[in-house]
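Letters A, B and C mark the chains in the order given here, with residues in each chain numbered from 1 onward.
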Amino acid sequence: MKTRSWAILAATCAAMALGGAADAQQRSITISSWGGAFQKAQREAWFNLVEKELGITIKEETTQGIADVRAQVASGKPTWDLTTQGYYTCALLEREGRLEKLDPAIVADPGVPKELKSDHCMSQIVYSVAIGWRKKPFGDKQPRGWDAFWNVKDFPGGRSMRRHPIYSLEAALIADGVPMDKLYPLDVDRAFRKLESLKPHVVVWWASGAQSVQVLQDGEVEMVGAWNGRIQAAMADKEGRGGPLAITFDQQMMVSDAWMMPKGAPNKDLAMKALAIMMRPDAQASISKYINYAPANTKGYDTGIITPEMAAGLPNSPQNVGKGFTLDVDWWVKNNDEMVKRFDAFMQR
Amino acid sequence: MTAATAQGPNAAELRADARRERLVLGALAAPGLLLIGVVALAPIAWLFWLSVRKGDSYTLEHYARLLHSSYAYSLQTTFELTFLVTAICALLGYPLAYLIAQARQRTAAILLLFVLFPVWTSLLVRCYAWLVLLQRRGLVNTWLADAGLIDLPLRLVHNFTGTTIGMVHIMLPFMVLPLYATMRAIDRDYVRAAANLGATPSQAFRHVYVPLSLPGLAAGIIIVFILCLGFYVTPALLGGGRVMTWSMQIERNVTYHSDWGAASALGVVLLAMALAIFWAVGRVIGFNRILGGR
Amino acid sequence: MGEEQRRDGEALRRVHAALNHGRTAVPARAPGRPRHIRTREAAIGEASGGERGSGLPISITGIGKAYGAFKALDDVSLDVASGEFLTLLGPSGSGKTTLLMVLAGFQRPDCGRIRFGDDDVTLAPPHRRGVGMVFQNYALFPHMDVAGNLGYPLRLRGLGRSEIEERVRRALDMVQLSGLGARQVDQLSGGQRQRVALARAIIFEPRILLMDEPLSALDKKLREEMQIEVRRLHRRLGMTTVYVTHDQREALTMSDRVAVIDKGRFRQVGGPREIYERPGSRFIAEFIGESSFLPVELRGCEAWAGGARLMLSGGVPAMASPLLVLRPEKLRVLAPGEDGAGLNVLRGRVDELVYQGESTLFYVELPGGARIAARQAASASAPALPGVGGEVALALAPADTILVPDDA
């Protein structure tokens, strides 16, 4: 990665020295993302398309998270034109003033729900936290939401939840009877009280996506609240000791990964054009062909690219989107630190 | 005897030569000292610096944040875990080291290899291996259930118990090695002398062997204790999220919050505690004996 | 020797009386005393079946010990008399230390029996044998001070604190280390450690003392001092002592008897003078003192060596291939004109001269090509030695003319 940055630097210097710099510079943009299978899917669905339509090249880098963006912006000369981060990270960076404003025309697209976009953030894919369970112990009984997750009488057995207040507090409040559209601002005290009642049954508080389904596959717990993609991948996987698995989107909590532009990005205009292409319904829809993620732009479902079978497994497809709600990232940006501390204390008591 | 009394015609010349020799020796040591400074001291200084900075000004805010009860719990967990693991390692490690030290050279080499084997395996692999063994449908529970000893699976992992088991496994070599080195160096004649003077085998062991092996035990305890204080992987993987150690707080502050200040403050506190413990043990046993002297 | 022993026994009783402060009553068994150790007096009195204060005789019968194919001890038998100072002398690997370890109980023999007095201790563990031992490296406990080391065997025997202190003080006086009780072991010089080790081995008044090359780590001067001191202490206390050394001079200096051991067998056992003056074999003559050897030809009842017929004090012994033992200091240079009547005379040329202060060592080549060593004390009355290449006649008294079998 280092050599690549040096190469870019050298190329940039050379281009500027040659004059006609503007033109030469516009020939490529740099995008960073999570790497791995997801970035490969991005390449197939989006980057190739952009390169073809704009006649440019997209240089790829990878990112570990918020610290990278902060460092890029702090340097005053960021090398990334666009980066993929969680929507929560985007909201945080937006509040810190480290992002470029996005083209309002792109943001205006009604296909992306307003909870998943802002002046500086544009969601690209959607996923959710849903309930997954082992079929064997429950037979035909299906847990339909967080009330069932808390109901250890009818659904006996171990539970696993994320070791973080995000998702856990919402889940607790819904289980306690708060309607999904009346969650925010969260009644924190009530949420922790409800969490307390489930605590003895939570065998594992998972810390990574891999762990969240591993415990299900190993039969260590009967039910998890985990990312839908993870659960569905485990369902498709050969059965572990835990036997067959199932998922429900009922009362799912949707979040997204977003595009954002670090403040001072070198090729703003060209990158904005690329973003417009990537947010187009057809481009958005095609991401689901390469990886089990849903398009952020719901118009993608109208393009015919996504088959009904695929749509059934995506959280924001027309038949699933109404079953859950979208996380209020703004509330979390304001309250996260306090909640994390309180959650840590709660965990250890 | 000293140079001050030397009055010979070439005394000044010899003194100058001695001075040159000291300079050369100092110059030879300089790269080593520099390396220690750069590798060991500079990062610690940097850590300390970060822990008292906010923006462009000095602050104790990061330390003040540690007063939150979540940190107090972590500290308590960390010390409970550390004390327990160190104690178990000492109880298991002492007889094990004794056995190896008494064995013949070849047998000892093989036994030592078994003790060291885990050190050469990846930490993650070992943790996952324990997960496979200890989880609800793991080997241990399966065996116990098949043997009819238990009806419901035991909760052996994803909690404090599992973390302790995994940590003991990882730390045991660090207890056994210094103990073994010390025990191997204990002359057999000491124990023979005790027996000759009328001590039963158990008296000879308690009165002579144990006191002579104490420096090794102290070294082992200090190494294990300090390693445990800062340990991350095992509690994170085997603790089920319930066991939150000080090092996990550091990790969380860095990755979730990009908060170097608070993480550095946590690091400084941990370092201070490790030093305090080293100092306290040193007061009791004597630094020279821990650091390899007699 | 019998009379000497009786005298030593008397001295020992006096010393013990002094050590015990005239206390004669057997003390009551102190609470918390280790069960396996009988009271000091009882341990000493019962085991011997004899009177208190004299050394216990040791009886070694048919002891064998093998390590794989290597026989460290090969059917060894020996009796050590009460109060005797016996030295086991042998080269390294001869089995002397193994025998000492068997006596102390640290090694279990493959066969044979060990008796201390009337007690068969073959199966007794070391801590029940009640023998004192001085280790080669002293084995002083580094985590105890001098008084702690000396007091340890007394502590094990359940003696009271004040009595332990008193006896430690007296023991330190005895080895001339008064007032050093609070010293740490590593603050002591080699000689001081030696004394502490000795004091620790005898403070509980064992009736048998074992010493494993105790002086080998000391320099020559100190070693000679300590030899005399150990000897003096043995005279005073009279315990039966088995002393292991590879130093033949030390063995001769200190012992009542010397047992020369090699390859796990005794080669000769006898008083120092007997061992030196009347070696029983070439091995002994070679190992103890300096010797040259000449082959001896037996013609009927005559013995010939170096071209001369030998006059022997005890007649020609019956042995297969005898050798004439020539001790350098027994050969006397004949003055010119002296005929050497009644003496065995060997003639040859001086090959080499080595001036050694109190004497001159010189080598003489005999007509047959054999080379022998001789020594002449530095004395004005001795005849002048010829230079290298000069002719010389050496005389040997018939009483010093010893034939040994060639076993080497």
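Going forward, a residue touches a chain if its C-beta (ideal position, glycine included) is under 8 Å from a C-beta of that chain, and two chains touch if they have at least 3 such contacts.
This is a predicted model, so every value here is computed, not measured.
Most remote from chain A, judged by the distance between CA-atom centroids, is C. Taking the mean of all protein C-alpha atoms as the reference point, the chain centroid lying nearest to it belongs to B.
Chain A and chain C have Cα centroids lying 91 Å from one another. Mean C-alpha position of chain B lies 52 Å from that of chain C.
In whole angstrom, the spacing between the mean C-alpha positions of chain A and chain B is 40.
Of all residues in chain B, those touching chain C in their complex are 187, 189-190, 192-201, 203-204, 207-208, 211-212, 294. Chain contact summary for the complex, chain B toward chain A: residues 68-70, 73-74, 76-77, 131, 135-137, 155, 158, 236, 240-242, 244, 249, 252, 255-258. Across the complex, chain A meets chain B through its residues 65-67, 70, 158, 163, 203-207, 215, 218-220, 241-242, 337, 340-345, 347-349. Across the complex, chain B is touched by residues 34, 36-37, 104-106, 125-127, 129-133, 135-137, 139-143, 152-153, 156-157, 186, 200, 204 of chain C.
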